[in-house]
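You will see two complexes here that share chain A, one where it goes with chain B and one where it goes with chain C.
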Partner chain A sequence: MSNSLREFFDLGIFWEYRSVLLRGLAVNFYVFLAAAALALSVGLGAALLRISRLRILRTLGTLHVEIFRNAPEYVMIVWVHFVLPLLIGLLLHTRFEFNPFVSAMIALGFVYSGYFAETFRAGIEAIPIAHLEAARSLGMGEGLVLRRIVLPQVVRRMLPESINQFISLFKATTIVYLIAVPDLMYQVSMITQERMRPLPLYSGAALTYFAIVLMVGSSLRVLADRWRARIVA
Partner chain B sequence: MNNWHRLVWNQRDALLAGLQVTVEVCVISVLCAIVGGLVLCLVRMYVRPLRPIATVLIEFFRATPIVVQLLWVAYAWPELFGWPNSFFDAAWCALAVQSSGYLAETFRGGIEAIPRGQREAAFSAGMSPVLVFRRIILPQVLLSSAPSIVNQFTVIVKSSALVSVITVQDLMFQSQKIVNISYEPIEILTATAAIYIVVIYLVSAAGKALADRLRMSYGIAAR
Partner chain C sequence: MIRVLNVHKRFGTLEVLKGVSFEVHRGNVVSMIGASGSGKSTLLRCINHLEVPTAGDILIDGESLCWRVDAGGKRKPRRLSEINRIRRELGIVFQQFNLWPHMTVLGNVIEAPQRVRGMSRKEAVDLGQACLRRVHLADKVDEYPARLSGGQQQRVAIARALAMQPKVMLFDEPTSSLDPELTVEVLEVMRELADDGTTMIVVTHEIGFAKDVSDQVMFLHNGLIEEQGPPAQLFGAPRSERLRQFVSKHLQ
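Up next is the complex of A and B:
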């Protein structure tokens, strides 16, 4: 017990490989940024479908949200990486493959687009109808109303919830190592196989993610609160 | 259609066995998460000397990604504590650990929302602290956090697909095994994804209905 405790705090092996591990962590952030951009744009599209006047579009939006909110991220990543290229290949009659990074981005982006769609929709529906009527009566087109009146208010309203979703998305980027995207966990498992010392390596990885999520999460929340207070008040 | 029959329907025994393991892992871990969350929350609120430890544990459990925790519990805990000895135990334990952190915070909110007067009335009626907790506080807290418990259960089912990584033979493990034998991933992986989506949808819909009905019948309005 005391031996293993000493090894738990002996994160020297973690420090020894810091350049490789840092490069892995950077990959985590790249995946996060790509997936977040995709999730936000697809989510906005799905939210607009869900509040559309046509029933068929509304049904499509609901279907999108229910499928992707209920899909496990890991299953989606495996499906996108191993099935989607085959389906596209069948359509185009060629051999087709995704780079693991692209698969990770598509899978995580679509899964989280389901969550973001609901956040967007709640934000849009909370806007008083009078704002839209006033804007239209001034002669603004639909696009201009969306851009100038709706979206600025939606962004402010959905900020607290979307910070939580961004944090879950960042946490979810750790599973991309399972399709061999060279992120932090991938490097950790490679080094574990080489050195056969899982304890300090996995503990170090857990502590690293813990520190990042805690610090980035709490400082984002403080910043967002301040920004909202300045604009709303 | 032929392929679907050959690759999915003929493998139904393996898939069902996998689904059974998934259900076992999820049910054990949600029960442990409720108990663990209650313990963490009570220690944080009422056991002053241990409060910092409980707070750090709750934050740690909430902020660490599930796959990291899974590997940590499966490979680091046996060296640290001599337990868990099987990957099945590691799987439900890691899932429970993650959710207990979230549930601890929910329970804390629930306990703080109970009016002080109720506790004072119970004490002045001569109830012991344990009895007050069991008869007055716990039922209300469980009812008011029922929606969060349901939500955590769906999170657990979703994360449970990852236990195949540490070779627990759940649904995802079985379907990947079939893929590795047949080299034809399209049908079986699509079917697996569909099973997960349907199961999680049903769990969350049924759980929500159950939670709402319980809360209605005990006089707490459904949200």
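Up next is the complex of A and C:
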């Protein structure tokens, strides 16, 4: 009994599979970075729509935000991976499919673009018009005003909320194994099927994710607070 | 050097300026006084084109701020790029300072000289430090605005406007959001600028300042200039009953 228990907890299995597991973890980061880039750019676009002067554009922006913010991530991933290619295939009269990595990026990127759109919008709207007037009165053109006065302030204002959203997005990357993106969870379940050692493997994965999110998240928060402390009275 | 010609400004159905004309000469200090809602701030904002006059024109050294003449000889509204070129010559200081919180004091001051005038960083820094010395804040270059008092922030805002080396400085109630003791330090700096021969247009509630420093005072009422003249005449022997009431109320 004590022997089998020792084997049960034996951590040597992590060393044995270290390169596969690390590659899996790297995939989580790739999916995260790709989805975050997509979410930020689409989110900024949707935010600009939402504050547009034209009503139709504002409505489009609102529609975007409400659709994607309210879609469950897993449902989106499955839909993008299995349904969207069918629809595109019907339109183009050809067989069409996404690489699972691409599906994951699109699905998570669009879901989080809904959240980021709202964060961007709030950030832009919080900047006093008077700051812009001061810049214009000195002869600064609109491009310069956006680049030098608006965006740097928006980024600082968005930071605390964005950190939370980045963390949620990172955690969401752990469900992409359901469409066979070879991330850490995917590798862990593969090894589990082979070796029948769920306890150390799944616990190890859980602890790894937990430690990463905790460390990266809290250090980002500290950095962000220090950076903001200088400008906010 | 500045000529305001029959300027009207309407917001919807509300006519804030009903045809205002006056002239400011080089080196002169002109104060605009009047009750809230008399149109004095709107008038000042028109001179910087932050508000576009509904009718009338403003000439800066003979050049129209509002209109250009196209190839066919027709009058067209000016393009933003042209307005921005003329605006550089008009420094404005706001009631709420409006410093950019993400930049240091020096960063605020050198931003426009660097990005708009195209100065090198070194030139801009030298100029910025000189401007900050004029407002007695040479020791605050690396602070962020949030760490400064209101009076210090307003003096940075003055330095920021000065750094564009404008032909005219416009002040829009620069001390209205300051405590009395902070008001004094800002007025002191403005007095020094006036003594150096800076051309200034000042919208203010500080009757004492208007009286001591101005060459000309204008009293606005309901979007029109009710009375104007040298301060001794305006405050010593006001002709209009409204001005008399206004002066007695503010000199108590």
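We adopt the following convention: the second predicted complex is superposed on the first by the 206 of 233 C-alpha atoms of A that agree within 3 Å, B and C clash if a C-alpha of one lies under 4 Å from a C-alpha of the other, contacts with A are read in each partner's own complex, and residues count from 1 in each chain.
Methods note: a residue touches a chain if its C-beta (ideal position, glycine included) is under 8 Å from a C-beta of that chain, and two chains touch if they have at least 3 such contacts.
Nothing here was measured: the structure is a model prediction, and the numbers come from that model.
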Which of chain B and chain C A:Tyr202 touches, first, second, both or neither: first
Touched partner set for A:Ala130, first chain B, second chain C, both or neither: second
Contacts of A:Gly12 with chain B and chain C, given as first, second, both or neither: neither
First, second, both or neither for A:Gly89, with chain B first and chain C second: neither
More chain A residues in contact - chain B or chain C: B
Touching partner for A:Val75 - first (chain B), second (chain C), both, neither: first
Partner chain(s) touched by A:Gly217 [first = chain B, second = chain C, both, neither]: first
Partner chain A, residues of chain B touching it in the complex: 59-60, 63-69, 71-72, 75-76, 79-80, 82, 154, 157-162, 165, 172, 176, 179, 185-186, 189-190, 192-193, 196-197, 200-201, 204
Complex contacts: residues of chain A adjacent to chain B: 1, 4-5, 7-8, 66-67, 70-76, 78-79, 82-83, 86-87, 171-175, 177-178, 185, 189, 192, 198-199, 202-203, 205-206, 209-210, 213-214, 217
Residues on chain A engaged by chain C in the complex (per definition of touch): 128, 130-131, 133-142, 144, 148-149, 152-153, 156, 230-233
List of chain C residues in touch with chain A within their complex: 48, 50, 80-81, 84-85, 87-88, 90-92, 94, 96, 98-102, 111-112, 115-116, 144-147, 157, 160-161, 164
